[in-house]
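After this come two complexes, each holding subunit A, first together with subunit B and then together with subunit C.
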Partner chain A sequence: MKKLLQKDEFDALLSTSSGVQFLGPVRLKGRGRFSDTDLIKYGQIKSFTDIVWDSKTYLSAKELILPITETLLDFTGTTVVQPPVEDAILVLFLRACDIHAIERLDAIFLNNGPSPDPYYKQKRDRFKLVLMECAVPFDSCFCVAMGTNTVSNFGAAVRCIEDGILIDIRDEWFTSQIAGSGTDTEFELQFPQQNGADVHVPHIKEMQEQLFTHEMWDEYSKRCIACGRCNTSCPTCSCFSVHDISYGHDSNSKIARRQRVWDGCHLDGFTDMAGGAAFRIECGSRMRFKTFHKIYDYRKRYGVNMCVGCGRCDDVCPEYISFANCINKVNDLVNESRSTPDE
Partner chain B sequence: MIRDINRKKTVKNAWRITKNRALTCLRIRVPGGHLEARHLELMKKVAEIYGNGTVHLTTRQGFEIPGIPFEKMAEINNLITDYIAFTGQHLSTEVISSREGYPAAGTRNISACIGNRVCPFANFDTTKMALEIEKTVYPNDFHVKIAVTGCPNDCIKAHMQDIGVIGQALPEYETQSCIGCEACVKNCRKKVTGALSMVDFKVERDPRRCIGCGECVLVCPTQAWTRNPQKFFRLVVMGRTGKKNPRLAAPFAEWVTAKVVLGIMENLYPYIQQYIDKSLVKEHVGYIVDRTGYQVFRDWLLRGITLNPEARIAPTMQWSGYMYGYDTDAWDTKSTIPGSL
Partner chain C sequence: MNNAWVPVANRITDIIKETDVEYTFTLESSIRPDHGQFVEVSIPGIGEAPISVSGTGDGWIQLTIRAVGHLTCAISTCKVGEQLFIRGPYGVAFPSALYENATLVVAAGGCAVAPVRTLIRSRLADKKLAANTRLLFGFKNPESVLYKDEIDEWSKLVQTIVTIDKEACSWNGRTGLITSHVADVDIPDLSQTHVVIVGPPVMMKYTSAQFFSRGIKQEQIWLSFERRMACGLGKCGHCKIDNSYVCVDGPVFRYDKALHLID
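The block that comes next holds the complex of A and B.
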């Protein structure tokens, strides 16, 4: 079913859907990193005009499903309390690459072990995904190279037009929600076929030692400052640390909280172990670890690359390190080392 | 040639007295230090047709065009009218239509660092603010130096002015968005005042130490730190060079809004009018403050102003600096410094 919803029809849907929250890219005026710039992030949509179509968000929708700080347990003396379970349905507007990114997170949190992560699952089950068409990709995107430019796993897809949206409804829930609104129409969803960033992803079958030890990583030791912005902005980075906090600053306090907080392989302390051992001290080795996790290790386990080519890491690096170009460098090395292609 | 020139009037008109009795030098204001490139054509034209073909860049971001015969002043005043109208859009139509050049030169060009049009550290648009201040204080014959800078790095040297305006960002922290990486804490400790500390894996900010530089917002990888969109300013006052008592300006106000800044600027002039030593050709405002004392200065500057709730005003003031006229008789000479030739 395909419909045209005028702005006011769309807004009416937002306000009459009880028990449903609408989330998508929104603009926080003046909250950007630099003064007089805006922060684009995922947040609540209350009207059509709240949705930002012309900019990429700084952090991805990951922060909605995997909160940056998430309480796991509260200890109150003799009892353990889990955070209350919420049940509102969450309708999330996002782009094709970010839908793929959620599938990457699903693999990690739902299918990577004997049982799904209950905190993740509880939230994930509440989400209904709405694809935001992006016929024209942003400057740093490389979704075509990562195969994430097209997508089919969504409940509805929308195109922004001057006075409203065109919506292509693919499942029953959205059909029932939208029944009676808008007017029937025809349109074909478009997907980007070309990106500004030209990326060639190597298909590494088995890790070769020369890739692992190559001097190309040394450059990143000199350039990377371990700020971790590539990790935090990445829609598929899923690492976290667990903190136990005792309240009251009192050794007799029996009130405490266990929380998990995003962590990242570029950040200092990420590989610290009991006894003081630490791996990957040099930033170059962190870059190598991340790169091969995104385009090799994950694929070995799940059959797809972890990186979805959203280009956020390239957008946010204060040292102008390009992950896209790093993939190309690895590709060049792989091609050089082969006498004949292994494909 | 007979040269009967009203020196006082000429100087107020932004023309200089120079070493050469036949020649003057034109001072061009560039409020906020930012120009459209096409205006450079005008500087070039005046310098090449009327001057000696050179242009001097002043420390206040203006131009001085030397080597101009006094008798060309009227012609050039006419020529620069459009430029004066463009950079001084608040000036009265009377001033502009007279085509008689700059209406005053006492209150100097309001200079500004490049600000947030370019610089990531700047907490506001410094040129825009400089133009607002220019609107408030110019034209005026009182000798006042004002500069505007985007952050406490103070690249414009606001600390060398009668009034220096320094941008402040009020950082706001969203605990849930913090990953505890300590980037802000370490950066603040190393580069700024150490206003941030870690408590239970999250950050606490000591508002007494925070100077509003905005560095925490710049380094935060999740934007747990963001700026309050309201712009705030620190004012430092009565810095100076000169032949008596060079000193850095000292903090007068913290966390005041643009409205308060402009009100304080406006109040400075009646204070000078009241207390200036009229026996002198001109008197720098700093020496007036030395005479009246800080409390009188403060009362006049805050007159009729409603402070915003965040604002803080210095109760007393102690300037640093030193007095010239110290005794160098006991200083070392080449004969008393070991190893000196």
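The block that comes next holds the complex of A and C.
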């Protein structure tokens, strides 16, 4: 079912849907990194004009399902209390790459290990995904190379036009929500076919071991400052640490909160163990670890590359490190060291 | 739904001071970890960490803790009757059934004797298996020897080599790194042997090399990895190496697999 919703019809839907939160890219005036710039991030949509169509968000929709800080448990001294379960449906507006990114997180949080992560699943089960058509990608995007320019698992897809939105509904829930609103129409969703960034991803079953210690990583040891912005901005970086906060007056008090907080493989301390042992001291080896995870070893485990080509890491690096170029460099080295592809 | 993050409060029933910094805690617990598995141990307000299980029995487990970190230092001040919070057990255990018809050599350095102790205890509890077991332990100095009385008992049953890194006046046993004593391990049939090696990465690497020079193959060596595992559930990412997660695919890895795990 395809419909045209005028702006006021769209706004009416937002305000009349009870038990539903609408989330998407919004503009926070003056909150950008530099003076007089805005921050584009995921937030609540209250009207059509809240949705930002022409900019990429600094952080991805990841923060909605894997909050930067998330309470796991509260210890009251006698009991262990789990945080209250919410039930609002979360309608999420996002682009094709970011829908793929949620699937990458699903693989880890729902399917890896002995059981699904209950906190993640509790939110994921309430998500309704709305694809924001993204016919013209941004400068740093390389979704076509990653195969994430197209997507099919969404409940509805929208295109922004002058008067409102065109919506292509694929899911019964959206059909019932929109019943009676808008006018029937026809349009074909468009997906980007070409990106500005020309990226070539190596397709190999086993990475040659000499590439783990190749001199190409030395440059990143000099350049990377381990700020972790690439990790935090990445829609698929999902590592976290667990920390306790004590609410007692002395260290023996058992009244405390246990929470998880985003962590990242580029950050100092990520591998530190009690006693002083640590791995990947050099930033270059951290860059290698991340790069291979994004374009190689995640695929070995889950069957698809982890990187979705959103380009956010390139947008935010204060040292102007290009992950897209890094992938190309690895690809060149892989091709140099073998005569025929093995896949 | 079942929440794997929720720990169980377990009462401490006994504390043994093993060395200046190492303590063995016995806890009431209904879990029965397999040899080489670990649990996530916590004190609310202090934190949580993965600790290998050094003893199991009906209704109890033991944890040997070296007080070197934020949490382990706090645990070391706990008293009998206080509680530790436990969840688990996690990870892949040593394939002890595979070792049953073979000679098993267990080589461990320092506090790495803890994760192999239940394996050794179960081998030595069976007369036939005990006869086919060899033990090789390396410690820094006489003061850091773990489970001293128990090792003495073991040495009466099976070949047990204990070495300390450097000569010391209070020590009249072997000295030198564990690697220099591999040659003395009695291995009757190379092809019918498995070797468990646990310790710091450098120790595992060079001890393995010594067993290779004796004719042991990669497929006969089993290692256990230590990483900073914040969840034990395959989610937090701290222990991922290549496409493996130490917490769910390990911590026990066969050498030929471990060889390709480049941090």
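Operating definition for what follows: the second predicted complex is superposed on the first by the 339 of 343 C-alpha atoms of A that agree within 3 Å, B and C clash if a C-alpha of one lies under 4 Å from a C-alpha of the other, contacts with A are read in each partner's own complex, and residues count from 1 in each chain.
Criterion: a contact is a pair of C-beta atoms (placed from the backbone, for glycine too) under 8 Å apart; a residue touches a chain by one contact, two chains touch by 3 or more.
Since the structure is predicted, the reported quantities are computational estimates derived from the model, not experimental observations.
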>> Do subunit B and subunit C fit side by side on subunit A in the superposed arrangement, or is it a clash?
In response: fit
>> One more residue to check, A:69. First (subunit B), second (subunit C), both or neither?
In response: first
>> I'd like to know which partner A:113 touches here: subunit B for first, subunit C for second, both or neither.
In response: second
>> Tell me the contact category for A:281 with respect to subunit B and subunit C: first, second, both or neither.
In response: neither
>> Just to be sure I read the superposition right, which of the two partners does A:12 touch: subunit B = first, subunit C = second, or both, or neither?
In response: neither
> Does subunit B (first) or subunit C (second) touch A:263, or do both, or does neither?
Replying inline: both
>> Contact-wise, after the overlay, does A:59 reach subunit B, subunit C, both or neither (first, second, both, neither)?
In response: first
>> Quick test of understanding: once the structures are aligned on A, what is the angle at the Cα centre of subunit A formed with subunit B and subunit C, as a multiple of 10 degrees?
In response: 110
> subunit B or subunit C: which reaches more residues on subunit A?
Replying inline: C
>> On the A-aligned overlay, A:35 touches which partner chain: subunit B = first, subunit C = second, or both, or neither?
In response: first
> Is A:227 touching the first partner subunit B, the second partner subunit C, both, or neither of them?
Replying inline: first
> Does the superposition put A:243 against subunit B (first), subunit C (second), both, or neither?
Replying inline: both
> In whole Å, what is the nearest CA distance you get between subunit B and subunit C after the fit?
Replying inline: 10
> Touching subunit B and also subunit C: which subunit A residues?
Replying inline: 243, 245, 263
> Quick one: in the complex, what on subunit B touches subunit A?
Replying inline: 116, 120, 122-125, 150, 167, 169, 175-181, 183, 200-201, 214, 217-224, 226-227, 229, 231
> In their shared complex, at which residues does subunit C touch subunit A?
Replying inline: 1-7, 9, 42-49, 66, 68-72, 74, 85, 90, 200, 226-228, 230-231, 233-238, 240, 242-243, 245, 247-248, 260, 262-263
>> Quick check on the complex: what are the subunit A residues that touch subunit B?
In response: 28-36, 39, 41, 58-59, 63, 67-69, 227-229, 231-233, 243, 245, 259, 261-264, 267-268
> In their complex, what parts of subunit A are in touch with subunit C?
Replying inline: 72-73, 75, 80, 82, 108-109, 112-119, 121, 209, 212, 238-248, 251, 253-256, 258, 260, 263, 265, 270-277, 279-280, 285, 289, 292-293, 297-298, 300-301
